[in-house]
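The same chain A turns up in both complexes below, where it pairs with chain B and then with chain C.
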Partner chain A sequence: MKRVPCSGCSLLCDDIIVRSDGLFIDEVIGACLKGKERFDQLTSNNRILSPLIKKNGVIEKCSWEEALEKAIEIIKNSSKPLLYGFSNTTCEAQLKGIELAKAIDGFIDSNASICQGKVLEVAKTTGITLTTVAELINKADLIVLWGANAAESIPRLLNKILFSRGKFRMTGREIRTLIIIDPVKTASFNVMGVRDLALQIQPNKDLELIRVLKEECCVAGSITSEGVAGLDKDDLKRLLLHLSETENGVIITGQGLLRPQSGANIIEELLELIQMVNTKQEKGRISLIMMGGHFNMAGFDQVALSLYGKNGGLQFKNHQLSDNDENIDSKIYNEDFDCSIIVGTDPISHLPRSLSQKLAKKPIIVVDNKNSATTYIADIVLPSAITGIEVAGTAYRLDQIPIELKTILKAPNNIPSDEEILVKIIDKINQS
Partner chain B sequence: MEMLLNSVRMVDHDQAREYALGDEKSLEQNLPIGMLNPRDFEKLNLTASLHLKISNKNGEIIVGIKKDENVPQGTILMPISIWVNQLTSFESNEVIYKNISVNVEATRDPITSFNHIINSMKSK
Partner chain C sequence: MAFALDLLQGKVKIDDCTPLLVPKYKKQYDTLKELLGGEEGKKKELRIDVDEDLCDGCGICVTVCPVNARYCPPTLSGKAPDYPPESHQLFQVKGGKCELLNLKHCRRLEAEGRERECRVCETYCPRKAVTIEYQ
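Our next item is the complex of A and B:
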C-alpha cells in the first residue's frame, strides 16, 4: 500500500491509497470519479502506445526515429511555431517546453490563458488575496462558489473545505456557510443547507451584481427595492452581510465569471469588490481561489512567472523573450503561426471552431497519452507516459501550492515522459 | 426559437473520459446532448424521438435532448465537447463559452457525427 497524490484534477488529492506490485495497480482507495478515470487510463484501449505519423492523409504507426525525424523536419521548416497545452504535465516538462520555444523562436502558452490565467493577468494591476485549501479546512466560515460548479469540476473540493472539521472549525459543516451564485442550478446546489444562500442570478448579470455590491459597500442603502440580476433586496443584503461579517471567507471563481460583460472585465471588478470588502472588514478577510480544471494549470503560470515575469503568452525572437500582448487565441485567430506543438491537451475539441479550424490547417505535432480529436487531425503523435502514475514530478495545486507527484508503475513499451520527449526534440534541434 | 447556450462541465458527460475510456459510439451518445427546461421542451414541440438543431453564425449541429428542471428557461446546457465548440465563439480577443445566442428548432435529422466534424476540419 502506498499513499500517492492523484493527477485526476487540479485538487491533486494527496490522500489516495494505491495497492500495486509495481507491474499493475490492484486497488485504488479514496479517489473520486475523475481520479478513478485517471487510473483507468493505464489500461484503456484508447491509450497511445506507439508513435503515429500521417501518410497520404491516414494516420498510422511508425518508429520513434521516423516520428522524431518528421517532427524535427516540421519544426525546422517553420518560422512561427506555436507551442500550446502543458497543463497536464509536470513543471519539469513545462520548463523544457519553454526551453524548446526559446530554441526555435516560438510562441508558448498554456490552457490557463483561456481559463484562470486571466485572473492572474488582471491581478498584476489590481492585486489579489489568495488562500490555500489547508487554510480553508482549518479556518473558513464562508465559501462562495461564483460561476463555479465544484461538485462536477473538482469533485472532492467541497468534501475537503465544506464538510471537513478543521483546527479552528471543529464543528465543520455546521459553522460554514455556503453561497452559490450561478444562473444554472448546478449539482453543487444539492449540498446546500438551510442557512446557506442559493443565488440563481439571471445570465450575464454578474457585473450588475458586483457593481451594486460595490456601491452598497460605499454608500449603504443603494440597493433598490426591485433588487438586481433577478435577486431580491433581502438576498442581496444577506449576501453583503455574509461577505462583510466573515472571519475567513473565500470566493471560488469558475469559468462562468471569465466572460466579459458589457465591455467590462468582471474579474477586475470582482477583485476590486474583494478589496473594498476587506478594507471595510473588521473581523477577518475574504480571499480568492481560482478553480482551474487541468491538474497542473497553475504550474505553467508559476514556471513562466519565475522565468520571465509573465504567466503566459511567451514569444521568443532571436532566442530572447520579445514584447507582445498576444495570447493563444489571438495567435490562432490571426493565423500568426505555421505549425503547432501540442502537449497534453486537445485544442481541436476545446477551442471554438473559428480557431480550431485554423489550427487544423497547419501541421500539428501532438505529445499525449490518449486519443483525442487533435490526434485524429495531427501529422505526428508522440505517445507519452501518464504523469502522476508513470512519471514523477512537480505540479501546482489550484491554490498555487506545489505537490510532488510520484511514480507508481513503469510506463509500457518504455514510453518516455513528456519531459523526455521535449528533451529529445531540443537535443535534435541543437544538433542540426 | 432564440436561446442562450452554455457549455458546462458535467461528471456524467465528460469528454476527457470518453476520449480516454470510451469509443466513438459512447462519445456520440454522451456528448452531443442539449439540456432544456421542460417548458422550453413543450414550446419547441419536442418529443423524445426528435433531435435539436442548434445553429448560429459560427456553425450548426444536431444533438440529442434531455429535460432538466434545473436549467433556466431560455437556456440550453451542453457538456464541454467538440460539438458545443462548433457554436462557441471568439469575440474581441476573448473565447466565449457561456451565454451564446443560438437558434434552436426540432428536427428528425440524425445527430451530427464525430467523424463528420473531424472530416470537415480536415477538408479545410
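Our next item is the complex of A and C:
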C-alpha cells in the first residue's frame, strides 16, 4: 500500500492510496471518479492489448513487426505528416514525439493548442502571474472560477484549494471567497456560501465585462458603469472590491473563456486586467491557473517551449523548425497533411465534425491504450502501456509544476510505453 | 441548539422548554407543534445518506467535516486521510465514491457536550449527494 500520483486529470493528485498485490489493483482510496476510471482501464474490456491493422476495410489483430512495418511505410510515403495528441503521455514521450516530427519533417501539435496552450501563447508577449496549488492551499483568500466548472471537470480541485485549512490560516472555507463567473449555473455554484459571489453573466459577454473592469479598475469606489453583461452596479462593485483587496487571489480559467469574442483576443485582455490590478495592489496579488483537462496538457507546452521557444504548432522542414502560425485546426481544415500520427487522444470524437471528417480521409496511425472512435477508423493501432500506472515518467500539473508519476504494475503482454513505441519508429526511420 | 437537536431526535418534547409556554411565544410554540406534527417525542435515529449515483468522489465532505479535520491531519491540506481509517473518521473516498464510516462520532451526536446542528457535508456537496435526516 502506497501513496501514488493519479493520472486521471491535470490536477495529478499525489495523495492517492493504492492497495495492490503486484498483479492487480485491489483498492483505490482517495481518488475521485475520474481517477478511479483511470485505474479501471487496467482491466477494462475497452483496453487494446495487441496491435491492430486495417485490411480490406476491416481492422484486425496483427504482429508488432507487421504493424510497425506498415506504420513506417505510411510515414515514408507521406510528405506532410501530422502528429497530434501527446497530452495523455509523459514528457519523455513528448520529447520523442518532437524528435520524430523533426526526423520526418512533420507538423506536431498537442491538445493544449485548442485549450490552455492559448494562454501561454499570449503570455509570451504580455507576461503572466502564475501560482501553485500548494500556495493556494496555504494562502488563498479569493478564488475566481471564470468559465470553469471545477466541481465537475476536476472534482478534487475545489476540495484542495477552497476547503483545505492550510498552514497560514486559522480556518479554511470561512475566510475564502469564491466568485463564479459563468453563463451557466453549473454544479460549482452548489458549493457557494453566503459571502461568495455568483455572477451569472450573459453568454459571450466576458470581453465586455473585462473591459469595464479594466476601465473601472482605477476608481473602484465610484463606479461609473451602470452594469454590463447582465451584472448590475452592485455586483460590479463587489467584484472589483474583491479583486483589488485580495491578499492572495487566483483566477481559474476554463474552456468557457478561451473562445475569441467580438474578434478580440479575450486572453490578452484578461492578462492585461490581472497586470493592471496587480500594479495597483499594495498588499497582495492575483494569479492565474489554467484548468486543462488531460493530465499532461501543460507538459507539451513546457517541453516545446524549452526546446524551441514555441509552445505548440511546431512545423519542421529539412529537419529544422520553420516559421509558421498554423495550429491543428488550420492544418486539418486546409487538408495540409497526408497522414496523421495520433498519440493518446481521440480527435475523431473531440474535434468538430467538419474537421474529423477531413482527418478521417487520410491514413491514421494511433498510439493509445484504449478503443476510441479514432482507433475504429485507424489504419494502424499500436497499443501502449497506461502512463502513471504501468509507466513512470514526468508530467506537468495544471499549475505548471512537474510531478513524477510512478509505476505500480507491469504492463500485460510486455506492452511498450508510448516513449518506447516512438523510439522504435524513430530507429526504423533512421535505419532506412 | 442542544435542545433543538434533542427535540429532533425525540429525546425531549416541546413542553420541556418552559419559556415556550409563556403566552408571548405562543406563535412560535404553535409553529413548532405544526412542524413536528405527530412525530413529537418519538425516538429518531440520525441518518446520513450518500447517493452513490450522484457522488463523484470529490472528497469535499471528507475535508470539510470537522471531526475528520480533528482526527485526520492530512485532510487539513485537502489530502486523502491515511488508510486504514482512524476510528473517529466519518467519511472516506474509496473506489471513486464517498463512504460513511462511523456515524456515532458525528458532531451532531458526540462532541463532549458541544453537539451542533452541523450540516457542512450536506451544505457543501456540489452534487447534492449527501443528505442528513432523522428517521
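By definition in this document, the second predicted complex is superposed on the first by the 423 of 432 C-alpha atoms of A that agree within 3 Å, B and C clash if a C-alpha of one lies under 4 Å from a C-alpha of the other, contacts with A are read in each partner's own complex, and residues count from 1 in each chain.
Keep this in mind: a contact is a pair of C-beta atoms (placed from the backbone, for glycine too) under 8 Å apart; a residue touches a chain by one contact, two chains touch by 3 or more.
Just so you know, these numbers come straight off a predicted model, no measurement behind them.
Student: A:194 contacts which: chain B (first), chain C (second), both, neither?
Tutor: neither
Student: Have a look at where A:41 lands relative to chain B and chain C in the superposition and call it first, second, both or neither.
Tutor: After superposition on chain A, A:41 lies in contact with chain B alone.
Student: One more residue to check, A:376. First (chain B), second (chain C), both or neither?
Tutor: So A:376 only meets chain B here.
Student: Please work out whether A:155 is in contact with chain B alone, chain C alone, both, or neither, and reply first, second, both or neither.
Tutor: both
Student: Examine A:58 and indicate which partner it touches, taking first as chain B and second as chain C; both and neither are also allowed.
Tutor: Neither partner.
Student: Contacts for A:33 in the overlay, against chain B (first) and chain C (second): which applies, first, second, both or neither?
Tutor: Both partners, chain B and chain C.
Student: Given the touch rule stated above, what does A:23 touch, chain B (first), chain C (second), both, or neither?
Tutor: neither
Student: Contacts for A:351 in the overlay, against chain B (first) and chain C (second): which applies, first, second, both or neither?
Tutor: In the superposition, A:351 contacts chain B only.
Student: Mind working out whether A:173 is in touch with chain B, chain C, both or neither, as first, second, both or neither?
Tutor: Once the two structures are laid over each other on A, A:173 reaches chain C alone.
Student: In this superposition, which partner touches a larger number of chain A residues, chain B or chain C?
Tutor: B
Student: From the superposed pair, tell me which chain A residues show up as contacts to chain B and also as contacts to chain C.
Tutor: 33-34, 37, 151-152, 155, 187
Student: Quick one: which bits of chain B touch chain A in the complex? Just the residue numbers, please.
Tutor: Against chain A, chain B makes touches at 4, 6, 8-11, 14-17, 19-23, 58-59, 70-72, 75, 77, 80-82, 85-90, 92-99, 114, 117-118, 121-122, 124.
Student: How about chain A: which of its residues touch chain B in the complex?
Tutor: Listed in rising order, the residues are 33-34, 37, 40-41, 44-47, 57, 114, 149, 151-153, 155, 183-187, 189, 200, 203-204, 255-256, 259-260, 293, 327, 329-330, 333, 346, 348-357, 360-361, 370-373, 376-377.
Student: In the complex formed with chain A, which residues of chain C make contact?
Tutor: So the residues of chain C in touch with chain A come to 55-60, 62-64, 69, 74-83, 92-97, 124-128.
Student: For chain A, which residues are in contact with chain C within the complex?
Tutor: So the residues of chain A in touch with chain C come to 1, 13, 15-17, 19, 27-37, 137-138, 151-152, 155-156, 158-161, 163-167, 172-173, 187-188, 190-191.
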